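Please see the structure below; I have some questions.
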């Protein structure tokens, strides 16, 4: 008897029940530290529009670094291939906020999915506009992609990020010193902190990322979001760089392009088939959702969705 | 009108004619330096057994680092998951022969596709056997996989590698100091230098690597070479780590798991479909075949074979 | 016939005439770039009060990093041995503005004579006071030590430093993220940029540094500036760390504790005997005054003043 | 009442009695691990020939890295200034056996007092001679300098060093790959391991190093060992680089050029006055004799011998 997608998702969800609460919740800002460690949500959305959800997939969480994929998409649409003069596409082999590589490589971040790289893509999104215009563009992009006007920033998170973001100020000033930022450090970071502070549910996130599974066209609206070749490249960067210094591990275990955030979410793309969003706040030693990664590994195996 | 595989391969081959001789031939040992820069060969072998070739696909070249994929396969079959205690699976973010990372990470190489990592997998292949037994096992593995008894080492290349291999001696002694080699440095390196010195044609190489495109089973013989999950993991490691510090670039451009060698060859896997071997001796700035990479990018695009 | 100090200084000065204009003048801020490359001044002041001068020793130049020695003295007087919990005393083996070491060592700079370390000592000088109080204290310290009320900041230099000091903002934010700064980044840097912007002549500089040659007591006023043991330690740090990644070179060639600045000045201490200040704007490849270093080497040899 | 040198030495020795046994004895080879941790010897020899000893100053210990100073002296006498093309004179800012810096700086060690640098100076000593001639030259140098024909190698230590010296094999092969060794790796290391294996007493060591306190002339025999300027430079290198990544610390605390070894010995030079040898096997966290460093700090303070 063949199981349906809904049955597979439910089965994985049930298997995860015993692991709820595993890992360590990020605590560098209060808004993240207060989240209930036992939350677990999972949502799969196929290119045909089939949805399967489990658990807390309806509950908003802080998107954090997952937003870097969307900022990259926006920056590529604005700058095209020129973006790659300002940011690389190689795995960094280092922590998400490392500055060592920047010094050795003249202020050009290794890839757009580490903090330094996302500050560059944010600068590209901001270019020639006011902070408010940049912030609004990001919010509207999420609302359009997820087809949901309720998506918004968590102002408290954005403020906390700014107040504790010394490392990001350090990275931004460092790159500014190499002329790799065009706007003022403070302006770029205000927009950067906002893009980290989007509140989103698993369901909304899977919807927003679905175009990545369909060669750049949102299959439900029919809108082209970005070119086919750029889509492939975003997916390639997600696979090689999406999980900081555990990117190889994620490729090894799950076998799909993905991007994690310290809020405990992971967006995963099954090229040609579906987008998956999972959320569980406890992080493993590499800063990726512990239960979320486990769920993705099992789901990918069950569905035969590994790209390898 | 739909083009056949043979037509696509021929078309890509013709497009490459104008680029023949591009890049810089490796010259650190005489046997490599003497190769004609204008050679170009391409062979695609599908899981159904369909073959399409172009140019010098019949001509043997030095396998060099591509052999690391096969040594990894052999080591996984001998040690299983325990291998991963001795070698990681993360991109290194460094040159193929870097020793910096080893010092910072206590003698455990980042992945099995950089030199240090392949010395560890070679040690695993050698364990408990004589040098000759280790060497014979490697030769027999290639002969069996490629179904061709003529495959052999180039003794001159193996000797040259040993004579100029100071960096590899350095890496091996470094790891031995951390107890990450079980056999004597000299013994491990003798076997290591031999696995680099296999002479192989594009046609043989595509045949030898076909099991990687078919979940670990050689589709033409029906023999299981390695488990399905291990196969996926080898492919994942190839994608994230197969081209040294240009691994992200290859994933970005070609979108397929692959492994290059300084002899100018590249083995590429199209999961579920085919193995591709390409050879052109001129290397780009990262040490990967310049014309070979270009051919793979075009072929992958034509066939729609990117995994992303 | 024994030459007098004045004769030795004159002889070295004359030898330097042919080299005037050698090296490359710092040009990262306009105020430095406009300085005449051919300037050369030299002043020796002995503990007995004997002065010997040559050339442009009467002309003010920008003190730049030489001020770090005085900020260190002030910080030691404020914090005592506790200062060494926040900054090390080892050579860095890196460029003056490197951030790599900071990341590897949890935000504790290697020594107080690189930029990061001097930002920490500036923070110690500022602690509990307003920016203006901190700035005034530094100006007064120089005026008192040099016994010259005319010493002042160059406001244009201070402003230029602030406008182009992205790397210093990066370093300061980085350390703030490790809680190794107590005041706000902006406040500490305003004071830091001012201490770099002191305008001083060779004669004033030798006078201000004389206490370092006399175990912490200004031999001309009789005032104790700092303890004997702290003085020795400041001199030791100058010897091992005073010239960035060419500190060993300076110890090797000159054999005396010294501190250079990108304005082209060098303060050198002859323990028990004298302070030497030299100035020539052209810098060598390590960022130290080219002609100034040469003059010091010859003077130290002539006088037999090497401590080795 | 003025104390004599003998009284100062005795006083320091008595103060050290309570600390005997402190620190951790090196245990990477059996011959070192078996040494009694409670040993403590001290010998001061002035340029006038006055000797003052305390404790186990008559007992031979393994010279280990202290020999690097003598190998440097021999290499400078053979190659002159050309030596500095092959090895630098800057502090490394790294562990004694680090290979990271070598990779970043093309196989040129930072200074001759870290392992890599001493392998280069050993290669210079060996050049054009057999292993036995090189070894004999080193032994004879020590015998001549110390005026004692009984000084010899400990063959067991030399053998153990060779058997466990993987890191040194790694360093040597690494540099050979950059053409910075002229002899075969195995030959250079045989000589290197022997120079580490000299057995020497505090009394012999102070005698052997006395020329460094007297501008290159052995004051007791009147023989010139090396030029005056080279002597100053050896002392400068000892001060900036003599204690690995705690060189700044030693300069800060003791204020004299010195070189330590993992056998627990330290040779210290008081320019113009005396040589001091101290021995106590327990090492501090940086690999330098814990009680020996303390004794030197106190003796230097008592005698007013700091060069700062």
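We call the chains A, B, C and D, going by the order they appear; numbering starts again at 1 in every chain.
Assume a contact is a pair of C-beta atoms (placed from the backbone, for glycine too) under 8 Å apart; a residue touches a chain by one contact, two chains touch by 3 or more.
Computed from a prediction, not measured in an experiment: that's the story for all the values here.
Peer 1: Which chain maximises the distance between its CA centroid and that of chain A?
Peer 2: Farthest by centroid: D.
Peer 1: In whole angstrom, what separates the CA-based centres of chain A and chain C?
Peer 2: That pair's centroid distance is 47 Å.
Peer 1: Calculate how many whole Å lie between the centre of chain B and the centre of chain C, each centre taken as the average of the chain's C-alpha atoms.
Peer 2: Between these chains, centre-to-centre, one finds 55 Å.
Peer 1: Could you grab the centroid distance between chain A and chain B? Build each centroid from C-alpha atoms only and quote it in angstrom.
Peer 2: About 32 Å separates the centre of chain A from that of chain B.
Peer 1: Listing for chain B: what residues touch at least two other chains?
Peer 2: Residues: none.
Peer 1: If I apply the definition of touch given earlier, which pairs of chains qualify?
Peer 2: Here the touching chain pairs work out to A-B, A-C, B-D, C-D.
Peer 1: Please output the residues of chain B touching chain D within their complex, sorted ascending.
Peer 2: 98-100, 103-104, 166-167, 169-174, 176-177, 185
Peer 1: Per the contact definition, I'd like the list of chain A residues that touch chain B in the complex.
Peer 2: For chain A paired with chain B, touching residues are 88-94, 101, 110-111, 231-233, 235-237, 239-241, 245-249, 251-252, 255, 257, 271, 306-308.
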